[in-house]
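One chain, chain A, appears in both complexes that follow, with chain B as partner in the first and chain C in the second.
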Partner chain A sequence: MDMQVPKKKLSLKERYTLMTRDLAWDTSYQPKEKVYPYAGYEGIKIHDWDKWEDPFRLTMDAYWKYQSEKERKLYAIIDAYSQSNGHLGVTDARYLNAIKLFLTGVTPLEYMAHRGFAHVGRQFPGAGARVACMMQAIDEMRHAQTQIHSLSNYNKYYNGFHDFPHMYDRVWYLSVPKSFFEDAMTAGPFEFVVSIGFSFEYVLTNLLFVPFVSGAAYNGDMGTMTFGFSAQSDEARHMTLGLECIKFILEQDPANLPIVQRWIDKWTWRGVRLLSIVAAMMDYMLPKRVMSWKEAWEIYFEENGGALFKDLARYGIRMPDCAAQIAKEKDHLSHQVWATFYNYGAATDFHTWLPDAEEMDWLAQKYPDTFDKYYRPRFEFWREQADKGNRFYNKTLPMLCQTCQIPTVFTEPDDPTKICYRETTYKGDKYHFCSDHCQHIFENEPEKYVQAWLPVNQIYQGNCFDDGVDPGAPGFDPLAAVLEHCRMVHGRDNLDFEGSEDQRNFEEWRGMSKRNA
Partner chain B sequence: MQIDLRTVSIKPLRHTYGHIERRFGDKPASRYQEGTYDLQPTHNFQYRPTWDPDREIFDASRTRLKMRDWYAFRDPRQYYYGTWTLARARQQETAESNFDFVESRNLASLLSPELLTLALDLLLPLRHVAWGGSMNNTAICAYGYGTAITQPCMYHAMDHLAIAQYLTRIGLLLGDAAALSSAKEHWLCAADWQALRRLVEDSFVVQDWFELYVAQNLVLDGLLYPLFYKVLVEDELSMRGGTAIAMLTQFMTEWYAESAKWVDAQVKVAVAESPGNAALVSDWIAGWQARAVAALAPMAERALGERADAVMDDLAQQFAARLAKLGVNA
Partner chain C sequence: MSKVFIALQTNDDTRPIIESILSDNPHAVANESPAMVKIDAEGRMTIRRASIEALIGRDFDLQELHTNLISLSGHIDESDDEFSLYWND
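After this line comes the complex of A and B, so read on.
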């Protein structure tokens, strides 16, 4: 037999290059501008896509191997958890409302990320970057589906999970996450990766991930905990992609810096406003609490994020201006948001409640400068009124911020007793904002934000009723019609936790599982 | 004997999500159903895309095809991420042991130099064709309408990427990095590959995503895979002592057989929807098929010489038979 001449051994990097970007070529029958039509209009200058450093080197064979092992384990646990009625092991049925928020407000974002990364996975002229984005596109589909599958069992037994995609397109507070993601997806491909890949995945994702997944672990929700942990290694890949994108763009041309800085400023603020729902969830919805929102903010944004921005300083990137206001808000945010949900509890697909005495003490201890002074008296007053039979559900629709779409409920950064309102006039129309930063975002791109589909405004214009509903009919109840349009059942999906069907069923079923009937 | 294990049984309030129940009734739903139907947002879009300001983010008018219900596009394989990954991981294991088998027994050295050259000449430029297929399916996922068809296209895009990577490994196993670069040179410059490269590049600028689906997944792949992997590799090269090569392309053969069933199901549904759709699809096929046949002919000739014409005729007949089954008027 012939002696084999030993082949030159390729380095991992050379081999990965042959497996990915070497598959691509410069087209000559069609001009580059037609093949990648969206690469230029944002003004980002890329001179050499070959300088792209692959953030991870995963070929499809290895990808399938790792991911299939993870899937096998995950679904085995989901099955076992469902089969053994694992839902009866959660600390308290109030906890379920946190995961309703997750399914209606976060899972649809995973889906959007799937489509968004497919879009940039097609549009970037650099093949290395495209492959990384395509992988993220399927990972995001994985996350959406594992969440839907894990939470499917809760939907069988509890209310409010039942129509999450329908609600995502229609329910008032869900326009906050919806407008966030659609803002990113309607931007150009570079802004998309800076907004989602960097600002969200890299800077802010821990603030979403840790509260929900640790919250699940702390509260006996093995289903949610398992998909969270299983997603972690994917997230690690997504974070390295986000960071590589930002470094690559900045290294390519100094003229990219001001554009990128404006995007980081914008998306940090957009992200923080989005996370205010998570803040309320952490401080008010978890029966067994992991840490306070403020603590999470300090660890994951101020410490970790601070170190990151120090690292990026060599490119000229500075900490977003909004960081100063966020630092002031961290003592207030969760309380103001939860108070809002409590007010509008007739129009949510989850239940609300007031913190009990022990919970208020915890909040006072975590927020020593603000809770007892500003928020405890409010909650105690509401408790007193509720006990007297005067539970007040606000049925007047609030003014929404044109940018983040949260009701204008936040206070002035330096005066927690005064609601913060900002407004501007554009082409003769007046627009309202919750903050200077949301106003600035609007003013940078007014043509985009004037299009916003604000639920409150749409309800008043009569666009949120089912077809055939006659708002002129005698005795017409607009809020009831809106709930119906959102497929929420009044008295079942909304209102106080106390007295809800969820509460009654959980008690009864838990009794069945622990005692002999 | 079966023993029923006792668990605490609680009567559920409902068996599945509301949107699944409205389609299939209140009964336990499959993971494919829950992970697919109605997932894509359809209403109340906030802003128009800056990259396509005349349309919504998801907009049914990005194709001329019209469907009353875009979720009529059911995947007969019922792939959601989990089942797709598990299926591919199993196929990957087989592919891995095939590569090991060929490598450890040094089967490449048993191939005659002419056969080896022919195999590399035919297969390695296909890396780039597969890469094009990956790009196109990524585009369909991005701009298509309804999760039922966009989801499998993303998996299909990754499958194409994997095939490009298997072809790369074949190049490295039977040749070396220089073999890959000379094949790329052929792809870019050699006369007999240019019609195919032009077709692939033209597909990159197709704006209608269902036309792209037809051009890539039905027409180009529907002619290319049977020609290369069945006729040229499995029949011709094997007969000339190149069974080892067929082992290395087993993934492609099996993948094509499986995914063609999915492609057929989609086209069938689209055509059955309305005479308007049927006319569109047959126009698209007619336009792309003639080009694809002409683009593939030089490779058949390179491998088969004067037998090429007969083989191409056969191929066209088989393809026509396939189309007839789908209800397409060719």
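After this line comes the complex of A and C, so read on.
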């Protein structure tokens, strides 16, 4: 890059003031409360919006300049990657299953984030906050687009990439990310920025975009590496916005503290549950691994998040209550999630497998206190059964947590041999949870969470079959009907990686790429 | 004292930036991963425009950092001449 840097007449701080706050105006013929109707009802008190400052002091003209530079770089790489059959350079076609999960489970969230920030960018009374949210809304749209463009290259060759928006609204485990974002978007504007801008972006997205994307690079996936790092270069700005927003709210009025603390407690836990999918991706789905989920967790949550909460202590903010349980779960999470996907591999739009001997040794080394004791025997037993022709695909639908919508597969924090169940009764109906924290979140806002669209419950109620399907017909196979409804092809998009069309094609094409056949 | 960090893509644009950070912040440590470098520093890290310009031999705008930035942590103080990350504790 050889950028021209013109001599500036104004300093960065002066330009920022002139080109953000000075471009705003106060309304005269409508009262402010009517122009910003959502700004007050959450109970957050703001006295002076001018105290809000974007630490990056990015103005719109600079924003367009750097974003266009990022886009030019990204698309040049994407073109080169697809023109040179870059997909054959990934370590193994098995790796691409992590990317299928990314496309169906993460990319739609980028679009949801776009909608969310566009909404709050309109609703905040302060100009500095509005400009920052508007930039983030544009960023998030860019992320969705660049991910779809990059990954469409894989859709030309591999199964499971074919209908992600349709699946996002229907496939059982995708209700986890979908409901997470719908929860945030249906909150008020302040809760939305605390949930997404602070808890998700600042505390948690590093775990997704930094070690996982570095892992993509390590596995030869130039497409994912490029959009991942390009997106993450915007995240640094988003994280800064999230932190700025927390500081601003807390400095404005002491009465804001308990409200913000409750949101941080809630959204840290919601985010940790959501990221359990990433834990499985990092430990089980990458043929070559940069670091374990636990190591990434220690760097980005414990060290970095710890520093953050220590810094925020002067406002009275403390580490979320759930941190104690999170610390216990880091040794178990990825294994329990991958075991669940392996169980339900007939109902996933990606392939599943058991870790091989070398991978199990790596897991044992990274998880010395838990893997050999609790998980290796399970995987070895399943391997033994599969080798005898008894590969078991679970067709019984699991009970879901009413809050996070993950099947209740996690164990008691102090007993990894016992599944954790919690329940509560609200207005005569019983609701189930995976943990104390999900239960508490429900009990704080029951009227919101009783409306949850839980895939398992909906399937049992007959709402997840195509029109005209008769569940009462003789020999009716509910799983087959659900797969069809999700536009998954049985035997092609699901089941084991071993023996899949993806595996066969990749081997054959890779062979052809080395010789004239 | 808590650590701040900045993570940058590994490429020719960032090589002089990384070099200048490490020489301006002797307590900073660079950790390399595939395709990226994460620089950790206790308490505070400062990136100086003049140091980068001395290495690349042209004018540099600190906002060019945005193009190759992956992630960071800490509070930010940015001016035309310096970009600092710090914790208040």
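In this section, the second predicted complex is superposed on the first by the 505 of 517 C-alpha atoms of A that agree within 3 Å, B and C clash if a C-alpha of one lies under 4 Å from a C-alpha of the other, contacts with A are read in each partner's own complex, and residues count from 1 in each chain.
By our rule, a contact is a pair of C-beta atoms (placed from the backbone, for glycine too) under 8 Å apart; a residue touches a chain by one contact, two chains touch by 3 or more.
Keep in mind that this is a model prediction, so the values were computed, not measured.
> Scan A:451 for contacts with chain B and chain C and give back first, second, both or neither.
After superposing on A, A:451 lies in contact with chain B but is clear of chain C.
> Looking at A:363, would you say it contacts chain B, chain C, both, or neither? Reply first, second, both or neither.
neither
> May I ask you to decide whether A:237 touches chain B, chain C, both, or neither, giving the answer as first, second, both or neither?
In the superposed model, A:237 contacts chain C only, not chain B.
> Looking at the overlay, what does A:225 touch: chain B (first), chain C (second), both, or neither?
In the superposition, A:225 contacts chain C only.
> Report for A:296: first if it touches chain B alone, second if chain C alone, otherwise both or neither.
Neither partner.
> With the two structures laid over each other on chain A, which partner does A:215 touch: chain B (first), chain C (second), both, or neither?
Once the two structures are laid over each other on A, A:215 reaches chain C alone.
> Give one of first, second, both or neither to describe whether A:512 is in contact with chain B, with chain C, with both, or with none.
A:512 sits against chain B, while chain C stays out of touch.
> Who does A:204 touch here: chain B (first), chain C (second), both, or neither?
A:204 contacts neither chain B nor chain C.
> Pick out the shared contact residues on chain A: the ones touching chain B in one complex and chain C in the other.
Residues common to the chain A contacts of chain C and of chain B are 1-2, 8, 69, listed in rising order.
> In the complex formed with chain A, which residues of chain B make contact?
Chain B residues touching chain A: 7-8, 10, 12-19, 31, 34-35, 38-51, 57-58, 80-82, 85-86, 88-89, 92, 95-96, 106, 109, 127-128, 130-131, 134-135, 138-139, 141-143, 147, 150-151, 154-155, 157-158, 161-162, 164-165, 168, 172, 176-177, 180, 184, 187-188, 197-198, 201-202, 204-205.
> Note which residues of chain C are touching chain A in the complex, please.
Answer in residue numbers: 2-5, 7, 9, 13, 33-36, 38, 58-61, 63-64, 66-80, 87-89.
> In their shared complex, at which residues does chain A touch chain C?
By the definition above, chain A touches chain C via 1-3, 5, 8, 11-13, 55-58, 62, 66, 69-70, 73, 206, 209-211, 213-215, 217-218, 225, 229, 232-233, 235-237, 239-240, 243, 290-291, 303-304, 306-308, 310-311, 313-314.
> Quick one: in the complex, what on chain A touches chain B?
Answer in residue numbers: 1-2, 4, 7-8, 10, 14-15, 18-19, 22-25, 27-30, 34-35, 37-38, 41, 59-61, 63-65, 67-69, 71-72, 74-75, 83-85, 108, 111-112, 114-115, 118-119, 121-122, 127, 130-131, 134-135, 137-138, 141-142, 144-146, 148-149, 152, 155-159, 161-166, 168-170, 175, 178-179, 182-183, 185-189, 448-449, 451-453, 458, 487, 505, 509, 512-513.
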